[in-house]
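There are structures below to look over.
In what follows, chain A forms one complex with chain B and a second complex with chain C.
Moving on to the complex of A and B:
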């Protein structure tokens, strides 16, 4: 009978094309709007490091102004000072540890027709690739010595390797960065963590950097940060670049991999001892405080999915509810107009349940059509957001199969909810009224 | 076939209670053709709705084929209606956007017949009512008489033992009315029990038996077989 009901539903929709189109549109607009927002929220809520959530930790130290706490949720600066980062790097407790920040270089090739261009760079220690599970196509990361002394080597992203070397194995070749020759020692495969969890300070949804260079280059190339640099102390660390490196400005992001609770406890003791030592030297004047946050905690702490997004999610669902209520009214009008036919069917042997099921399938058909149209609208909405965000949201503003299935499910639930009352009403009408008066 | 004993039916609104049938008792035997007459509002249609299991009586007993159907649930009544009862209405009540074939198909779908069986039955009844060539036509493309013949075909497709007709010729001119009446008589001769509500005294006389309903009660019974001159008038 289900096939029969579906054929009746399609016939009914064809018989009232304008009303049917209005109902499909009501569901489609509601689903499209809510799916656009929910897709963004869903993608923003992803944790690319979920598989290492128990072993990776973002490190925060409270080196801030004694008179005023840092202005964030846990009142500890997001980033470390350069000198603290260098001190922590000397620990041999973590399995892996990464000190890093965002930067930019002018990129060019010698004797090449490729015009120089500016690219995002990550200045990092060598463990970046192993700590965040970054896959390599060619070569690998640099030697540990490059983290402390200047070595002009570079790891390219896959896209950069394709741009500069047509995707060939470029290990050993030379790239010119800010007029300095760098030797390619590795090329990573496509890697798009979203949100960009290792650097949520500088746009959570930006693309991964194009090139990676060693942390030991700072003094030689006088590398500053292209990300946030926050300071509170205009002290006497000295002039020039060395003064910046020794200042209380925080601009280095720091992650560690601690494989078990024992290792973590050991590292916490190390941090406590380090801060105590610094206190003895007149630094860290605030109460002793540091934080080791798992990736999942880090995303929440940094409000990657903001309260505004959550509110917008609820607003979009409320809008869907309004659309459903509209669909209820339209369905009720349509079904009650067909009450005489239902009366005839009842007289010919249809039970109330049969009439109810027939009409619920009709509303489900509207829901499926509305869901499909809603997905198209959501694609348009997402495309619009990508366009308006000018590339900033490319990694999250996209619909995957989970969200397509969710859209169909949402439309089905919406249409079933919309159809329940009208279908119930028509199944309860007294057929004899319509048989006499039709 | 049909036996009602002291059946009552009342409709209640906020302020008033209307008794449509009061202590209504009637027996219709297998193979009978019974006409039901009476003034407007006397309870004829209510009787027909209860007989056709479209409404439940407020009280009393209703036996259909010796089975007490007074207190069946909706699903049981729907099944019985589908298997044993055929309906013919004054307004034909064909579904306008279904062609003749699909209109006749409706009760067979609810019966659960397979496609082959449904097609066989539909083609058979369409031939019986002389409309085989019009199977793909929509009801609006037919005359009133033809529409009523389709309605009769739809009622017959399930091979019911009991046919309920509510003013079957009320919307037809005299020629078409006569054709429809002859068709009903033919069906009755083949063994189907028919109860027909009508305002037309001539049609009422052509039945085996006429029942008068006044104020919700049977007030007069005439066995037309005892008055052969009336039956042939």
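Moving on to the complex of A and C:
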């Protein structure tokens, strides 16, 4: 019977090509628009650290100005001062801990034709790779001593290794960064967390840095952050680079891995004791406050999915709703026009159920066609968004198979919902009226 | 003359289709009126005067390769070189590129050692050529002189003595007063004298709530990388752009030099707003179109269904215009119901938009304009079918009764 209904549905669609095209187009546009926006929002809400969501924490300490709270959602600076980061690194409670920031170097090779270029660098402690589960192709991370004293070693991204050493094992070779020789000790595999969860306060959808260098280099190379540096106590900064390191400026991002609740409780009391100790020395004048945020909480706190994205999400869903109501109205018109046919079929013995099923199948046919066209529109919409964002959303504006399946599902549900009332209405047709007027 | 009573009872008999149209119109109005104010706000934001000759400026980022590079020496040599290039109007050195979303800010006070109640401002470290290079307009006081320039290491602390600020910043920090000669403090006891006021400069960040609060200081620091701005003669920007990297590298190959036109920075900074404007406009347009098509389809169906009644009416003496008018009035009744519902929905939705998503408040004027628009769309969509209905021949009434 289903096959027969499908052929009936196709015949019926062909008999009113304009009306059918209109309905397919309405569903397609609704699905296309909502899938474009929902895909974007879905990709922006991804949590690359989901598998470690219960053990990883971004650390914030309220070291800010006593006269004025920090201007963000939880009123604690996003980043730490250098001296607090150093003090926290001395704790042996966390399984892993990372202090880091963004930086840049010029990159060149000795005796090479490659033109010097500038590259984004991450200055970090050695645990970065184990804490964030970064896979290595060659070599590994640096010694713990490199986090405290200057050792010129570097870990390359896969793409950088391709560019400089055509992808071969480059461990032990030398890369020249700002005219200083650095020894390659590791190459990581492709790793593209998007949103860039570990650095959402600079740019959530930027690419991962191309080189990683140890945290012990600051004094030797006088490294300033290429990310945000926020200060409030401009008056009391000491002389020289050391003055900057000891200042109240916040510029270090800090993450810890705490494997269980006991460890977490231990770390919390460590932080409380640390802040108390600093209070005794006249720092941390605001009420004692710190925060340990899971990756999922961190994404929300940092508003990675912006208000604008949420507005677009609601607008597109409302748009789809209008398209569905529109389809209900048009299907109703179409079905009622064919009421005489249904009347004859009823008189010839078709049950109400049969009429209902037949018309529901007709509306799902419209839904499937609309869904397929909608996916094509969504692909166009996504490339439109990539174009309009000028490359700033390339890491998130992409469609995966989950979203393709979701689009078809959405179109089907939309059209079934749209077809429900009209199909019910036509199945209640009283055959006698139509038999009379034939 | 309006047959409202029979019209209402006819509508009541066809209440589901009528309701569906009303509902569509209501949703459309709720969506479009909220979209329109967002679009309007973003267009205004993108169109704000920047105070800068955006189309004539090229930004250059120079990053030294050697660790102990003499950037200060390089700045003077590069400035000499750039300012002498043909088709170049002027050049300046700066710690940040205007409108690039990346820069430096500080809090300034009117009293020494003041810690509370300051005013935030974007801060530039630049040289006296910034006014001419950026195309700013000095409205009071004077520019810096070359003798006021300070060159020093980034880790060094030096007191800066003079500043040029924007009119907006002046009005915020010294409301209703002449700012020239007044001091700025940055939290310590050293006064920085305001020596000049420029009319307008939007600053580094386009999304900042204090955008337009800007202070310029005569400073260049010995950093690893630095930015230059070059202003070309009108229309000659692209020609100048081609030669810059080569000329600068030729003078000193020990750097990595990157150039980008300022208008591209601006476009990138507004990309998010532009995306909102484009996407929402497309949504508003397609939405109106789809709703209009829906109304056309439904009115046609409706008229077909009532072809016999129309025929009877015509046979009983109704004129063609009576018939058309009937359907148009019916459509207006439906539309007005939808608009009433939609206006209420629009205002409710807007409350959430304002509260949760920091979007603009929907006022009566844009709401009424959108309501009128929805009414026009609805009537236009009904017009063709209504005119067609008038063509139904009275003879229809005699057939198959």
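Rule of thumb we're sticking to: the second predicted complex is superposed on the first by the 432 of 438 C-alpha atoms of A that agree within 3 Å, B and C clash if a C-alpha of one lies under 4 Å from a C-alpha of the other, contacts with A are read in each partner's own complex, and residues count from 1 in each chain.
One rule holds for everything that comes next: contacts are C-beta pairs under 8 Å (C-beta built on N, C-alpha and C of every residue); 3 or more make two chains touch, one makes a residue touch a chain.
Since this is a predicted model, take the numbers as computed values, not measurements.
With both structures placed on the common chain, the touch criterion links A:261 to neither chain B nor chain C. Of the two partner chains placed by the overlay, neither chain B nor chain C lies in contact with A:281.
Measured by the number of chain A residues touched, the leading partner among chain B and chain C is C.
Looking at the shared chain after the overlay, A:166 reaches neither chain B nor chain C.
Once the two complexes are laid over each other on the shared chain, residue contacts for A:341 go to chain B alone; chain C is not touched.
Under the contact criterion defined above, the residues of chain A that touch both chain B in one complex and chain C in the other are 437. Residues of chain B that touch chain A in their complex: 45, 49, 52, 54-55, 74-75, 78-79, 81-83, 87, 89-91, 93-95, 97-98, 106-107, 109-111, 154, 158, 166. Residues of chain A that touch chain B in their complex: 1, 4, 11, 15, 340-341, 343-354, 430-432, 435-438.
Across the complex, chain C meets chain A through its residues 16-17, 20-21, 23-24, 27-28, 30-31, 34-35, 38, 61, 63-67, 106-107, 113, 115-116, 154-157, 186-188, 223-225, 255-256, 258, 267-268, 271-272, 274-276, 278-280, 282-283, 286-287, 290-291, 293-294, 297-298, 300-302, 304-305, 353, 356-359, 400.
For chain A in complex with chain C, the residues that touch the partner chain are 19, 22, 25-26, 29-30, 33, 37, 65, 67-68, 104, 106, 108, 116-118, 178-180, 221-222, 224, 232-235, 237, 239-244, 306-308, 310-312, 315-316, 318-319, 321-323, 325-326, 328-330, 332-334, 336-337, 384-385, 388-390, 392, 421, 425, 437.
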